[in-house]
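Worksheet for the structure shown next.
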Amino acid sequence: MAGALTAAPDLATGLAGLELRHPVLNGSGTFDAIAALRTFGDGLRERFPFSAFVSKTITVERRDGNPPPRLWEAPAGLINSIGLPNKGLDGFLEHDLPVLATVPVPLIVSVAGFGHDEFATLVEGVAARTEVAALELNVSCPNVKSGCVMGDDPHETATLMHRVRPLTSKPLIVKLTPNASDVGGVAVAAEHGGADAVSLINTLRARAIDPALESASGSAWLGAGSGGLSGPGVRAVALEQVHQVASRTTLPVVGMGGIRCGRDALDFLAAGATCVAVGTESFRDPAAAERVREELAQLLSKSRVARLADYPRVV
Amino acid sequence: MTAPFGRRLCEVTANQAAGPYRLVEVADRSGPPPLAGQFYMLAAARGWGGADGRPHLARAFSVCRVRGERLGFLVDAIGPGTERLAALDQGEGMWLVGPLGIGFSPPAREARPVLVAGGVGLAPLVILAESLRDAGRDPLVLAGFRDSGYAEAAGLLPAPPVLATDDGSAGHHGLVTELLVDELDQTPSAVVYACGPPAMLESVRALCAERTVAAELALEEAMACGFGACFGCVVLTRDGYRRICVDGPVVAASDLEESWLER
Amino acid sequence: MAGALTAAPDLATGLAGLELRHPVLNGSGTFDAIAALRTFGDGLRERFPFSAFVSKTITVERRDGNPPPRLWEAPAGLINSIGLPNKGLDGFLEHDLPVLATVPVPLIVSVAGFGHDEFATLVEGVAARTEVAALELNVSCPNVKSGCVMGDDPHETATLMHRVRPLTSKPLIVKLTPNASDVGGVAVAAEHGGADAVSLINTLRARAIDPALESASGSAWLGAGSGGLSGPGVRAVALEQVHQVASRTTLPVVGMGGIRCGRDALDFLAAGATCVAVGTESFRDPAAAERVREELAQLLSKSRVARLADYPRVV
Amino acid sequence: MTAPFGRRLCEVTANQAAGPYRLVEVADRSGPPPLAGQFYMLAAARGWGGADGRPHLARAFSVCRVRGERLGFLVDAIGPGTERLAALDQGEGMWLVGPLGIGFSPPAREARPVLVAGGVGLAPLVILAESLRDAGRDPLVLAGFRDSGYAEAAGLLPAPPVLATDDGSAGHHGLVTELLVDELDQTPSAVVYACGPPAMLESVRALCAERTVAAELALEEAMACGFGACFGCVVLTRDGYRRICVDGPVVAASDLEESWLER
């Protein structure tokens, strides 16, 4: 049926002005390049699997993160309640940024504020640094003023963008939360507010129960009570949300959620994503993103797509 | 030495009983030799995942012994992941990432190494005992088990340990930490290396703290990644939460918060 | 460790006034008692696995349902886009109700309107029949007037309850949609509006891509484009939503989503559910609910709970 | 006869090659004997589910032959579920629900039964051919395969069929429906029973419709439950969508909408 395979396709692509060698990024918080460089050394540097590196989310203040246990294995997935441990803006800029700057790809810094002022502080502080190519706004946290999760609501998102957009000309990527009734509406608000791209999905709110029968009834396994679900189990939900967002905005979309292989990545492109990100699968295989890229290239060859940039966004 | 980047497929070369545990051996052609106390993330190449979608992630295992390129892991089958690994046949494939984490530090020149094992916590102390012996620093090994059946696993050690069993069916009838108390009282120059259930490690920590004896504990926490990526495997130390996959699994007992075990 | 097991625990429980022999129901649309009786005959009648039977959702008008394909197997789950095929209210009352009335447990009829008037018609028509013990309101459909899914929004739900509550004194169970940002808020609205219980979760919006490489880019596998995800993969999300709802209302909760075994059922009780329902797992084993009940009884014995009714709701 | 309620665990008694397919046999101690055209929902007791959480649901299989309590299924390994089932070893467990659905109806007294098989669609026609033979109504069997290797599966039939292969390596070089055209032109009293790929069945339907020859088609649609619970397995008939697990899988060709195959 299939004729002779064409040469390896050209995977180069762009995202909100960044030129990328291929479309596979990492999901924020699922790959600590600093720790990974300590563990894998030059092997990682030479085969760095992501075309841009997204940092773990940082906040204004230093955070210890949630009490353990922080992990629970779910059917074809993982629940985590890490709680955004990080050194805070100043600590990040001083200690982490110089090391991350040595990673051989563009750096995207993920930031989360517990209110619009905090977001503004973070955007100003991070965008000023030349090592930073773009920022990702993680809007899955509650706004301590309104009480509601900023990314749940189009209006909150619009107000946030209004506040931070003027602060930098660097690309702003809004990381949408999948727990919103109307994720497409939030994406439209982000677009109107001047976002350069959106990424999704973040983790689905989830819970695990302590398996010990003796434990008090209803006691949660996770130290923080609830957590977020990721991995293959959420992929079908992610594909739907990516499709919704890609249908309702013209923004480039970084699609993620349970991507394990090239086929999964292709499904996200088919659903309307421009780039994809690998998260939980990197835990199973630190080089998973490399395999995803290679398999994607093979599938594009089979579909006779010579250049990823030509892959049509039909939604 | 750093670990090769990415997971690699290795062949299972043997799977034999060690008491009620399984010693599963794989041929690792490309990794550097591990240090005592380091660990690997393991997954079966086939049959990973089941009717309820678990095991999904790889599982952490201390390396138990090394014979050339053959790495041995001591597996206690307590859940879906360990059951699948314990059932691997010779010739089957196993995914492996590692060696990972920080191993035990060598004992100070004048110190007497005392190794304290509880159950399958024996694993990293086998390779430690071997390397101490190779360095001419024969350790004293105290090993606690549920009963004499479990205690058969102690046959993996280069020399017979002092045993304790919960039911008295082999060695001391009681806790291995009771043996440790006696030993510490006799040997003030001891340096302790321990691995076992959390309650045992806490006892070791407290006993050594009281006596200002240096101790290194090989800790366990559920791990999703094993290389610092997920921030899931933390333990409370005096400096705050520490990821034991990259800043462990071996930690100085004195680094732990006294409340490290409280949930 | 565990001492002698106590006698089999008493699983009898109640739900919104219905007396139930045990807490295991079916999820609407996951067990067609009429077809199952044809297939399994007296074997099913004698071992009927559910303590109350929930019908497939009916609508005012007859519906053919969605074009095939309607199914896609997801990681530890299933996506369906069945599209509520049913004979319509009149057809149901004439043809199906008499057969369902022969099932040896209380009958709960699930209804869905594409607007509040339709819901009112359904509630009036169904509640008038003595064979019917209770009604479930499936609020996952869009309101053709407002355009939004009724169960996504507390206000829509409140208005709906205001409309239908006066029409019957039979128990009304609101089947919540899990795609709402604030499922707890919707449950509170249902409670204030006079609901007798809530059930959750319904399926998560999801999508599958046609695996044929030759197919047009972005083409959906399901005939209807998108569908709903169920099965073990959604269980962790369901547990969190049940916990949220049980924390914020005093309504009894029927918990469901990926229940496969007694342990899963116990987890839902621990998270705050009064009863549980088995859905997708009945596809894998028609008698799954029976196994769930037996295993639950064993676990309660081990936990030394003599009567399910004593199992505390601690949330 | 109704099927026993619930799934039951059966032991695999044999697994042998039939051309490139596997004939997997299980001992079903508690089910009633199936009728030709009925099917079962099958799942392996171990190793169901994998790294990506599939297969999760059971898979539908026509019964291919019955020998006392032993049911034989012909498995074409095309994806995760069929691969696992095809790899079952003797002695392993298999979950089974059935017999399910409506089988073939007996041919009218004066009619000449013509069976048309395409590929693994052979399966239900083996048991049908056997039962027709047992009833003294020897059928004509036309069987199409990719090539002579696949055609070996036809050895399961009680008598050799007329073969067609895509590459001409055995029998007629071309489509099995070309054989059918000849046969229908010669035998106006034919009644046709067919199972195979959708395009073949559509040809059979159209050919028989043109000639007003009665035909029964054993259809396939992805099935989640097999007993009418999910409404997933529908095919478009003249009365609207029909669940082929309970109102099939065998349907009268004349019941189908002409556009039944369009997507």
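Letters A, B, C and D mark the chains in the order given here, with residues in each chain numbered from 1 onward.
Here is the rule we go by: a contact is a pair of C-beta atoms (placed from the backbone, for glycine too) under 8 Å apart; a residue touches a chain by one contact, two chains touch by 3 or more.
Please read these numbers as outputs of a predicted model, since none were measured by experiment.
Name, by label, each chain that touches both members of the pair chain A and chain B.
C, D
In whole angstrom, what separates the CA-based centres of chain A and chain D?
Going by mean C-alpha positions, chain A sits 46 Å from chain D.
Suppose each chain is reduced to the average of its Cα coordinates; what separation in Å results between chain B and chain D?
Each chain reduced to its C-alpha mean, chain B and chain D end up 54 Å apart.
Measure off the straight-line distance from the CA centroid of chain A to the CA centroid of chain C, and report it in whole Å.
33
Which chain C residues sit where two or more other chains touch them?
Within chain C, residues 74-77, 231-233 contact more than one other chain.
Where in chain D do residues touch two or more other chains at once?
49, 51-53, 56
Mapping chain-to-chain touches, which pattern fits: line, ring, star, complete or other?
Contact pattern: complete, every chain touching every other.
Given the complex with chain B, which residues does chain A contribute to the contact?
So the residues of chain A in touch with chain B come to 29-32, 34-36, 38-44, 47, 56, 64-65, 67-71, 73-78, 80, 82, 85, 223, 231-233, 280, 282-287, 290.
For chain B, which residues count as touching chain A in their complex?
2-7, 43, 49, 52-58, 95, 97, 100, 221-236, 240-241, 243, 246, 263
What residues of chain A sit close enough to touch chain C in their complex?
Contact set of chain A toward chain C: 72, 74-77, 79, 149, 152-153, 179-182, 204-209, 211, 213-214, 216-220, 226, 229, 231-237, 239-241, 243, 258, 263, 266-267, 269-272, 299, 302-303, 311-315.
Which residues of chain A touch chain D in their complex?
Touching chain D from chain A are residues 75-76, 232-233, 260-261.
For the complex, which residues does chain B have touching chain C?
Residues 51-53.
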